[in-house]
């Protein structure tokens, strides 16, 4: 299989996992930068992620326009992906979603979402909250053009996640597996923090040093990362699409 | 297929989706105005929504009486639908349900349910709470006659949702797809607000302008609306009943 | 089918429904008074309710002893059922379970569990909390003999539900369908009340008059009651065991 | 079947149950001491617990090293098991997991996790919280060597569970069935306590005497314990792997 075909299968798996793990419903999407052309990215046509098949993947440029316009309906908010890929050369994959337990942190201004559990470390020490109303006034809250998307990407800055007020989040990472993992553990970290707040008293957040240590140790194709990808693909009923990456060298597990 | 047969299939899908998404259990129902006679509506006979088939759909008039009385048992609370269709010519579809996470807002008088997430905008800026005891004293809380139902419809007024104290809600919209969508996102919006309240501090609600902007942009058969209808029908195991509406014109997606 | 065989099938359905609706796990049990002998009741042998088949039903007397001792292992806490059937001639069916969302109300002494939603009305205006330690000191909290069970039954008094501190609840009703319904809606009512408390402000409970009105209107074999029994049996995968009761007279639906 | 083969099947069942009951996801693991050699234990190779088959079980020594090195990838945190088996001769089985509802108690320092429900008694009167940062500073929070694992085992002391700050827990028991049961009820007890705290007022914890009484009465192969093991194995889809232990003597049920 070509590396492009393999990546497309991975993108299908990512769609299905995000649906199965309740990160997306009919809305929300995941994209990956084109392996051969940094100025393009792959994403599904307008379709619920749970129903995405390899033939539903389209190729867009960094203005969010289709490379081959064959009349497919596209996600209204595809500009989010375009703007983040344009502004962040280090980013290889992007998710936008409305995962329910991230929402309270977008509307309760007093509590900042920060990592409290080790699996949440990849959201990073700083999770900015973007409010579309700050620059664009009363909108339908959707990011439907490049100008809005660039403003969101600016708010994201060098971070991994930006919350979007009353809407959801955008997350960005160095690989498809990493952005999926980040997006699955983001609401779990949010729940742990909400419940800890309810218990009251002082909260122990992950330290900056811990976040950095976890980040340094992360490898998208380690045995540990693969383990959860394989598990989630099985749960999502698409393990037949798994393509095993090259084995990592012994001793790194 | 005739447009009536097609609408009946849509109504079956609506029943199944509301069951699968935990908006209804054995109780709760959804109706649609008759396409050829504004003074009638379609609704299932007395049956759990998850078990409804096309042959279970009956036709009632705006007094809640069957057009053809073939001895079918009917929902006790069908008057809710009758009264709303009578009072609101703009309304084409109605849901009554007990979705669990709407209930706290019907009994905790101090907190008003308002839209905090974009998908919750369709509940509208104002969600009145109707208490059957205010006019009817000690009842079994069920809306079992036209007088009670008309009082509820009056409380609903021009809004999209009325909460019913200790009981649930009634929602009304311009199409079957819209009323289902509204009814699914209503408890999600409620959960987001409950959890934001627990986090504390100031809550950012959707502004009136945002609610209006979303409402203006809504089209019941847009690509985006269809996407979630198709997704939910698949989850509910009734995608075989889907009848694709006419394609919307290009450029509206 | 004989009425005994039919009742045994209903008891199997009750077991499966309680498992499917998360009222019981491997623990918890449901019983019904013998239709031909008021001094006996039917209950499963020691087995997880989800796995119960008609052949697993045994007949016990009001001392909790098997009528035919064929060496079957019995539930340790069967005495709960025996004592309630002995003390309450009006009761035809009993459930004991540990449904998770009832537990907080057994250990947080300050908040009384009371009906706040219409479907919760059958728990009654008064839900006493029984603490085994009050009379029996440090035990394993299980009700393992008649003396303890009679103390619990005394605490239950004329009510429908007694909470059991750090343990769960016992519920009693006039029919199998009613005790199942009561036991399923008990934790839902508990959740609605917990969440309303979190929202804060004054809580509107069902009035005594509303509880009485609902109780007066209840009929275990009405169309509405059957609807939920049929629905739950379908969800629990045992609709093939349903035996339709005599049709209620027209006009009562 | 040999007792070793039978134990391996039990270990597979334990893996599947912990996955099905949401105690583990792709991460987390369960081990059992080798029946013929107290200085070894059995655990899966690096694999999501839900996917574990008998052929995936490996044998490690109390330094966490494989007895037969056939190049299998191993769990990074296997040292947790090694150190607990080494320090605690009474312990026959160990679980390490990240069950979500235990996490708030690891980061909200003010609230101690203690048994409030009877099924939670086995967590013991004292549940210490281990913070890897106390001795090891900024790490990735994973227990990746014997020194860290021994520190955790020291913190565990004679108790059944140690919480791990921002990470999860380690639990230890006298049998595989017991450690699974303990690990399933640990988050349930945590939820009951969290919700009771939200209700407010005084909380009734299990007394020391009650914890002791339950512990004295516990038998890993009693009818009651088997009942839940059988139930969970059925739910997890692996009842075909069940090997019934010797029947307990009559009268102990």
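Labels for the chains are A, B, C and D, by order of writing; each one numbers its residues from 1.
In the analysis below, a residue touches a chain if its C-beta (ideal position, glycine included) is under 8 Å from a C-beta of that chain, and two chains touch if they have at least 3 such contacts.
Note that the structure is predicted; figures quoted are calculated from it, not measured.
Colleague: Can you list every chain that touches subunit A and also touches subunit B?
Modeller: Correct list: empty, since no chain touches both.
Colleague: Could you run down the chains that neighbour subunit B and subunit C together?
Modeller: Touching subunit B and subunit C alike: no chains returned.
Colleague: Measuring between Cα centroids, which chain is at the maximum distance from subunit A?
Modeller: C
Colleague: Shared interface numbers for subunit A and subunit D above half of all numbers used, same, or below, different?
Modeller: Shared-number fraction below one half, so different.
Colleague: Can you tell me the C-alpha superposition angle of subunit C onto subunit D, nearest 5°?
Modeller: Answer in degrees: 90, to the nearest 5.
Colleague: Distance between subunit A and subunit D based on Cα centroids, please, to the nearest Å.
Modeller: From the centre of subunit A to the centre of subunit D is 32 Å.
Colleague: At what distance in angstrom does the C-alpha mean of subunit C lie from that of subunit A?
Modeller: For subunit A versus subunit C, the centre distance works out to 46 Å.
Colleague: Please set out, as single numbers or ranges, the residues of subunit B touching at least two other chains.
Modeller: 197-198
Colleague: Connecting every touching chain pair, does the picture come out as line, ring, star, complete or other?
Modeller: Its topology is that of a ring.
Colleague: Contact residues on subunit A for subunit B in the complex?
Modeller: Result: residues 25-27, 46-48, 50-51, 71, 73-74, 76, 98, 100-101, 103-111, 131, 133, 137-142, 165-167, 194, 197-198 of subunit A touch subunit B.
Colleague: Using the touch rule from the top, collect the residues of subunit D that touch subunit C in their complex.
Modeller: Within the complex, subunit D contacts subunit C at residues 116-119, 121, 188, 191-193, 195-207, 209-210, 212-214, 217, 223-224, 227-228, 230-232, 234-235, 250, 253.
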